[in-house]
Every structure is written in C-alpha cells, then in structure tokens.
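Letters A, B, C and D mark the chains in the order given here, with residues in each chain numbered from 1 onward.
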Amino acid sequence: MSALRRLPWGLLGVLAALSVPLLGSRFYTFVATDVAIMALFAVSLNLLLGYTGLVSFGHAAYFGVGAYTTGLLMKMAGVGFTLAFPAAGLLAGLFALVFGFFCVRVTKIYFAMLTLAFAQIVWAICFKWNDVTGGDQGMPEIPYPDLAWMERLPLVGDLQTSDHFYLLTVVLVGVCFWLLRRIVGSPFGRILTTIRENPERAEFIGVHVGRWELIAFVLSGAFAGLAGGLFGIFNRGVFADFVYWTKSSEVLIMAILGGMGYFYGPAVGALVLLVLNQQITSYTEYWPLVLGSILIVLLFAFPGGIVGALDAGRRRLARLRRA
Amino acid sequence: MSGAAPVLEVRDVHTAYGLSRVLFGVSIEVHAGECVCLLGRNGVGKTTTMRSIMGLTPPSAGRVLWKGSDITGWAPYRVARAGLGFVPEDRRIFADLTVWENLDVAVRAARGGAGGFSIERVFDLFPKLGELTGRQGGFLSGGEQQMLTIGRTLMGNPELLLLDEPSEGLAPIVVDHLRDQIARLKGDGLTILLAEQNVEFSLALADRVYVLEKGAIRFSGPAARLRADEALRHELLAL
Amino acid sequence: MLEVRGVQKAFDGFQAVAGVSLSVARGEIAAIIGPNGAGKTTLFNLVTGHIRPDAGSVLLEGRNITGLPPHQVCRRGMGRSFQRTNIFPRLSVFQNVQAAFISHRGRGLDLLSRVDRLYRDETDALLASLGLLERAGEMSGFLSHGAQKQLELGIALASEPKLLLLDEPTAGMSAAETHETIRLISRLARERDLTLLFTEHDMDVVFSIAQRITVLHQGHVIAEGAPAEVRSDPEVRRVYLGERR
Amino acid sequence: MPAPSFLFAQALSGLTAAMFLFLVASGLSLIFGVLRVLNFAHGSFYMVGAYLAWQIVHWFGRDPASFWWAAVGAAVGVALLGGVVERVLLRHLYGKEELYQLLFTYALVLILSDAAKVLWGTGQLSVSRPPGIAGAFRFLDTTIPYYNLFILLLGPAIALGFWLMLGRTRTGRFIRAAALDREMLGALGVNVSRLYTGVFVLGSFLAGLGGALVTPVKAIVPGMDVEIIVEAFIVVVIGGLGSFWGTFLGAVIYGQVLSFGILVFPRFSIFSVFALMAVVLIIRPWGLLGRPLKT
C-alpha cells in the first residue's frame, strides 16, 4: 500500500500522457489534448472551489480571455507562442484582479451571482465586438506555434504537428500542475484552507480574508487563462462560446464530478466527462441535458465525486482487511 | 404523584448536535396541571431537552410520549399542533413583524387545555403589549419581548407550555411580574414545563423539580424539598 | 493593557451594550459575568473588532483600536476563543495550530516553500502543552467538544497574544473537563505571561481563577471588584445569582 | 442634446423592460428571502413560460382571446413545474451545503434549456400582440404601443398587490416570519415545509408570467433563460437580495441605465449597468435597500 503511494504518480502520468501519440491514432491524440487542457482548467478552478471554498460560476471568463489573448497575439500581431502563452495567463489574471476585487467583497451567494454576471458581460463583449474578437463569427485559423524544432528530436520527430502540439501541451500542463501543487502545498495554500473551513476564525488568526481570496482568485484566473491560451490553438480558433456560461458550468461539473476535495480530482473529472462527451455526442446533440442529469445524480448520490467515492471505498477495504 | 398517567413522558432521551453529544438518557414526566421545573446551570442540557421534546433537535435515542402516543421525530409543527407550546430561551421574536402580527402568526383554533386564548386575553395578561400593538418586535425591550414570546405561544392554545429560561436577562421587577403571570396561567389549569437557572424564580412556581447536570438528571423530587433544604440546594446547584 | 471606554452598541433599537467601561491591567486575570443576554458576547465582539461600536473606544496598550477589523486587532496582540467552538474542522489538529503560526509570523503569502514542516517544533510544543500532541494527525472536527475547546485555545495562543479573550472557555464541558481546562488556562497564563479576560457562567470557575470580576446586566456594569466583594454584593446576588434575602 | 421626445421614448422603453425584469427578479428575491436558496433556474422558468405561452397560442390560434389564456396558462404551468421541482428534489437539499443547492438549480438550467430545444427547436418563435390592444397611440411625439402601456401599468399593479399580500394577509405574515426565523415559525405550529413549496410556486408563477407576457415584444429564443437570469442577478445585486422594494428599484434603475447607456456606449450599453453595479457594490455591498446578511 505505502509502496504504491510512494510512486511518483505525477511523473508517471506525464510519461503515460506523452506516449499517447505513439499509439498512432489521431483521434486519441485529439481527445488527450482536450483532456489535458480541460484538466488544467478544472484544477485551476479548484484552487477557488476546493481550497478556498469559493464557488465561481463564471470561470470561463478567464479561460476565454486567455484564449482571445493568445489568439489575437498570434494571429493578428504575429507574436510568437513563447510570448503569447504567458500573456494569456497575465491578461486573464488582470481580468480576475478587476472582477475579483468586487467579487470577494461579497459573501457566498452573491459571489456566485457576481462571477456569473461578470462572465456573461465578458461574453457579451466577445460576442459583439466584431472588430477585435470577430464577434459571433469568432476568430478562426489560429496558427500552431512553430514546433519545427521537434522534428529534430528522436522518437517523436516523425509525428504530425498536432502531435507535437500535444506534446508541448502535456509538458506545459505538467509544469502548471507542478506550480499549482506547490501553491496548494505552500503556507499560502494552508491559509486558503482555513478560509474555506471558517472565514470568521481565519480573520482572528490575523488573516485578511478578502486579500487572500483575491490572490487566490487571480491565480486561479491566470491558470485558467493559460488553459484557454492552449485551447484556442488546439481548437484552431477562438469563439465566444469559450466564455459562455455553459463552459463555466462544464468546468464546475468536472471539478465536482472528479472530487473537489482532491488535487487531481478535477483532472479525473475532466477525463471522465470528456470521454463521456465523446461517447454521448455521437448519439445525441443534447449534451447539456445529460450533463445536468449527471450533476443531479452526483449531488444526490456521490457528493464527494469519483475520487471521493474511490477514496471512501479504499478506506473501507483497508478497514475490512484490518478487521 | 397521583396514579393518573402523565401527559408528557420523556423516556431515556439521548441527543447530540452533530458530533457533540449533549443529553445522556434524560427521563421526565409531567402530569396534567403540574408545573415541573428543569433546574441547572448553563450548558447542562435544559434547552436541548426542550428542543428534543419539540422535535427541533430530534433525539438520537429514546422516546417522547404525549398523552400516550409516540411523538418522537415528529416535525415541530405537528408537535405544536398536538398541543405543545414552546417559548424559546432567546425569545426569537420576528423582529420585522409588529407585536400584533407576531401574535397573529401563531393563532390556531382553540382546543382543550387552558384554551380560548385570543389576542385580547394576551393583552389582558400582559397589558404592556396592548399599548405596543403596532411596534415592530425588534424595537421592544427585553421584558416586552419576553412577554410577547410567551403571548405568541399562548395564541396556539397549548395544553403544555415549555418555557425556556423566561427570567433570563430581565430586570428583577420584570421577573417578578413575569412570575405572577406564569402563576396565573398555572392557576388557569395550564400544564407547564419550565427550564431555569434562577432557583428562586423556579421554586416559587414549581410543583416538582428535576436537576440536570452534564446532560443527565441528577435529582428529581418535589419542589418543597428543595425549598426546605438549603444544604441540598447548595449541593445540587452550588451557589 | 486593555481599556474599554463607554462602549455602546444597539441592534435594531435594542441596546445590547449601554456604555460599558472597564480596564484590565497587564498580567491580570479578569472575568466578566452576567446572565445570558447581559451583553457579554456583544462586548467581546466590540473589543475584537467583529462589530463596530456606536460610541466609545477600545484601547490596547494605550493605542486606539476602535473599529479596526479583526485581523488587525489580532495582529496587535489580542487572541480570542469563541463561545461556540470555532476551529477549522476539516484540517488536522496540527494544521489548525500551524495555520495560526503561519499567519502570525507573516508567512501567509509565501507561495513557494513547503508547508508540511513549517513551524513543526513550535506547533508540536504548543500541542504538547495542551495535551493534544498524540492527536495531532486527527481531523479536528472529530475531536470531542472539550478537546475542540482546547484546540481553539491553542489556535489563539499560536498568535502569541499579549491579551487573551476567552468567551465561556468551559461551556458545555463535563465537570472533569472543566476542571482540567481551568488548570490548563491558569498554567498557560502564568507560563506565557498572559493577560486574561474571560466570560463564564460557571461560578466555580470564575471564583477560582479570576482576580477581578465585572458584572454585566442588561448592557450595564452593575458591579466590579475582587471576587469576594462581588460575591457579597447584594445587587449581584439579586440579579445574577437569583437569590434574595 | 437629443430631442426631448427621444429621451421620453428611451425612458419609456427602459421602464417597460424594467417591469419584465421586476416580475422575474421579485420571484428570485422572494424565493431567496424565504428559502435562502438562490435559484439559478429562475430564468429557465421564465423561458419555459415564454415557450408555453407560444404553445398555447399556437394551439388556440384562431381565438383572439387566446393570448390571455396563454399568459395565465403558461404562468400556471410554470408554477406547477416549480412545485414539482421543490417537492420532489429541492427540499431534500435544504439542510445541506449552500453549494449543493446552487448546483442543483444550475443543473436545472442545463436540463431545461435542452428540454426547450427538444420540444420547440432552436429557431426564433414569436407571438403577436393580443388583438384587443394591438394598436398604438402617440403621446409627446412618441409612438407608444397599447401593449407597452399595459405592461407599464401591470408592473406597478403587481408590485402593489404583492406588497399588500406581504403586509396585509395572513399568508404574507407567514412568509415574512419564515424569512426571519423558519424554525420558530414551525414550532408555533405552522407547516413551514408547505409554506416553502407555496413560496417556490409563487416565485415560479411570477417568472412564468413574465416569460409569457414578454412574448409579444421579444422573440422567444434559446439563451433567453441565461440572459434574463444574469439581468435579474444584477438587479438584485443593485437593489438588495431579499428586499422587495429594492428589487423594484433595482429593476427600474437597470432599465433606465441600460436604455440611456446606449446613448453613451452605442454597442455596449451593458457597460453602463456594469459600472453602476460596481459603484453599488463598493458603497453598499448588500444592495441599495438590502441588509447585510447575518453571519
């Protein structure tokens, strides 16, 4: 048991993910890219949801800002990916700072309302500002970053551009996970959990709750922006529905489906939901209907999410074995 | 007590709030027309006992019987409709509603017991309230709020009145007045279960006493015995 | 150490605290008693910045802290335990106290170091002095009520306060727990050179450790002085102890 | 400086929009005030009301009075839907974490928006103005449809009726008392659980009515659910969640700011509302007429 736990799961995960293109199916690579990016999006949300106890219903706003930033810079301004990618996080973080300033002033229920309202405002702007965002037509044909250098690498050199981009995505997402994990495991992260548990008490160990919430909000938004930056390129275009409320709901459901009490829970949720999506959309176009139903079943039957349920099962097993 | 069956019977009730257990097997009997007092300091479980009876905090084990039928786990409104009236310790006046509205909300059709309570009769009992009908509950003094909360519960024509620390936080003169009015209610035939830490107040009213300590009954007996025996009083209540 | 001058607070027209003044000298153990609803908890909330007074001022070590938010009051050296147990239930016992150290020592914005071992010795030492060290790894929400109260005390102490406010530290405890807690509190106060202000219902507790007692009734101070004086004060006996001779 | 008649027309159109918004936001605010549940699906109820109204008009298309039947029928239909949702599902979540309640109503949004697509497709639907008041009149150089006048009168009438109900009737007193202290009201013998269902039904009725009445002036499209819920959120944030007159005030302000904001930011009138909301939040985070939530 303990030997199992000591394995470097993160590294193994990255290695496993990296080997996907070698399986040779473009479809698998496609799904895996999607999963990797959405996993980052969901884990970034969980910094708020699972660690700080703040329920954001508008996280897509920052995802979208990141996507548009990278898209605009790479397509219109011809800026390279090495600049455009961090810019996505930066600008998304900036938006999160402005909106967060207002959101953290209010309590739970207002917080949820406000985050949704702000996100819909961002959506309205993206949807209507034709000159910049392409409006309802969106912004197609975002170029891939220049990955020619990968062709010179052994083993993966022969793969297609989309595979190369996938490899890049896995590495970047891996780095982001590592960073987020550090944040969660830092003194700052510990303070966030005290806010989640009991904001009143947190105030009286000297924590300025609003300030910590805002920092968490900005960090969470910035990482969502990075995910968005990758997604725009992966999707070969940026569209207003990146910011739409359904996107926010999807990522929220991923986090809860996987289990918001666990760092990688939301990533698991992303994996399961996207694979499910692939399966279900081949039968029906009414994906949100299914999504909503999944959510209701979750709420009533598995409030701890998949990882929560597995964890509970594992513990029960351990207890049985001991008895 | 007499051979008649008690109207209220609490049998070995255990109650917890979440993980923290408060009552460890409390048993109480109240007979028709009696005034029974639960005495004890803060935090010994008086309020929890009352809440367990009313169904506000349903017991985790044990039974509550009202006139022989099991009411354990009933929703509070059903318990209230069965004839139990609860006057909470913290009064819980509807602060935005006027005095009249507070009373009106609680009106229910008369049934047996001391029956036939009307707003007029409450004003007769507590004349001060009659002068304040239009005032919002939140703008009353502590004593006025206490009268209102009792009056409000009486509007439901309960057969048994559960009074949780009515004297708490009140000026002595108000406490005296309150005691007289409760005595009057008792005289009218209302059965009363009183929780108090004010010994003098409760001994003036009670027929029988239960002393609670750390969630269990430490003493039960006639109030007269406590009144007469100062040493016992001291031992039980450590004043 | 602490000076409260003419503090007032009304809620929706109800005067909860009607001009209370009191002072606590350095190193003193002072108690506030009074029936429920006398305004004790409100007074505490006014002192700690959880609510703003309508009038009056609060001074900590001569500096005006009236109206400061709680996190700043805490940083000025005031610790507090709450009447209803107030911990971080889904964190371990260790993490509860450690978080308070992190915040107090200004490491709360540290995003880079690893938290696991931070302030381990300090936290362990504090937990040991509270008798909670063996339970350091348990989830604090599952502790017994008495142990949670002790943990809360630990959280307050980790902020290394000069003045500690305790709101009914033994509420809901069994007789044995009460006794133990009181011994613990007086020992810690001595060891750490703390000034203590507490509210309490249990008269044994009050008279056993308090050096000075303030009696609150309906938002007013009706008596103040050494335990013996207060105990024999006829007014106090009448309104609080509920006896009349 | 624009012509006065233009300003008047803008003000009127803002006020008309405000009345619809009030219908929806007041239900949202009422449900929150009593049940302490923020109903994300409230906008979906509004949307369902609109589709139901269209459906009923469609069925009885020949009858000139059908619109009125449709409006009432749609509102009642939505009220029933609300009742079923509350009884069967929502009530089981009352004791649980706030997050679960929020997510539950969120799930409803997803389900209802797709259900509407299944039943009524994704195209625009519209309902013509009821024949009795289909015309318009001119006032101060402005053309005012009779229907808009009807809405302008109906809004305040409903507000007044609502207010009287809360203040003068026994049910209203129960509702206010339940908002203040649910447990105490139960201990006084009031069946609070039934009251909750009633309040949810009433709130849903208002949302459905709003949706039905808006059909002659606005196309019925998928997405109208989220559009209105976001607007309603902004209204209650401005006015104060749980405050009745705050909601009315918030709706009126929203309508005016949006309507005149167009003059300042032609394409992004939402900006002006946004700015207003930001200002309100800084000065009074709990809304103009709201009260801070007790902690």
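Keep in mind that, in the parts below, a contact is a pair of C-beta atoms (placed from the backbone, for glycine too) under 8 Å apart; a residue touches a chain by one contact, two chains touch by 3 or more.
A quick note: this is a predicted structure, and the numbers were derived from the prediction, not measured.
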Relative to subunit B, largest Cα-centroid distance belongs to chain A
Go ahead and note the Å separation of the Cα centroids belonging to subunit A and subunit D. 33
Taking the mean of the C-alpha atoms as each chain's centre, how many Å separate subunit C from subunit D? 47
Intercentroid distance (Cα basis), subunit D paired with subunit B, Å: 44
Multi-chain contacts in subunit B: which residues touch at least two other chains? 95
Should the pattern of chain-chain touching be classed as line, ring, star, complete or other? ring
Among all the chains shown, which pairs meet the touch rule set out at the top? A-C, A-D, B-C, B-D
Contact residues on subunit D for subunit A in the complex? 32, 38, 40, 89, 92-93, 98-100, 102-104, 106-111, 113-115, 117-118, 226-227, 229-230, 233-234, 236-237, 241, 267-268, 270, 274, 277-278, 281-282, 285-286, 293, 295
For a test of understanding, state which residues of subunit C touch subunit B in their complex under the given definition. 11-14, 35-38, 141-142, 144-145, 171-175, 201-204, 218, 238-239, 241-244
Of subunit A, residues touching subunit C in the complex: 182-183, 185-191, 193-194, 197-198, 200-209, 212, 215
Inside the complex, what are the residues of subunit B that reach subunit D? 54, 56, 75-77, 79-81, 86, 88, 92, 94-97, 101-102, 104-106, 108, 152-153, 155-156
Which residues of subunit B touch subunit C in the complex? 19-20, 22, 41-43, 89-90, 95, 136, 138-142, 165, 167-169, 171-172, 197-201, 213-214, 238-239
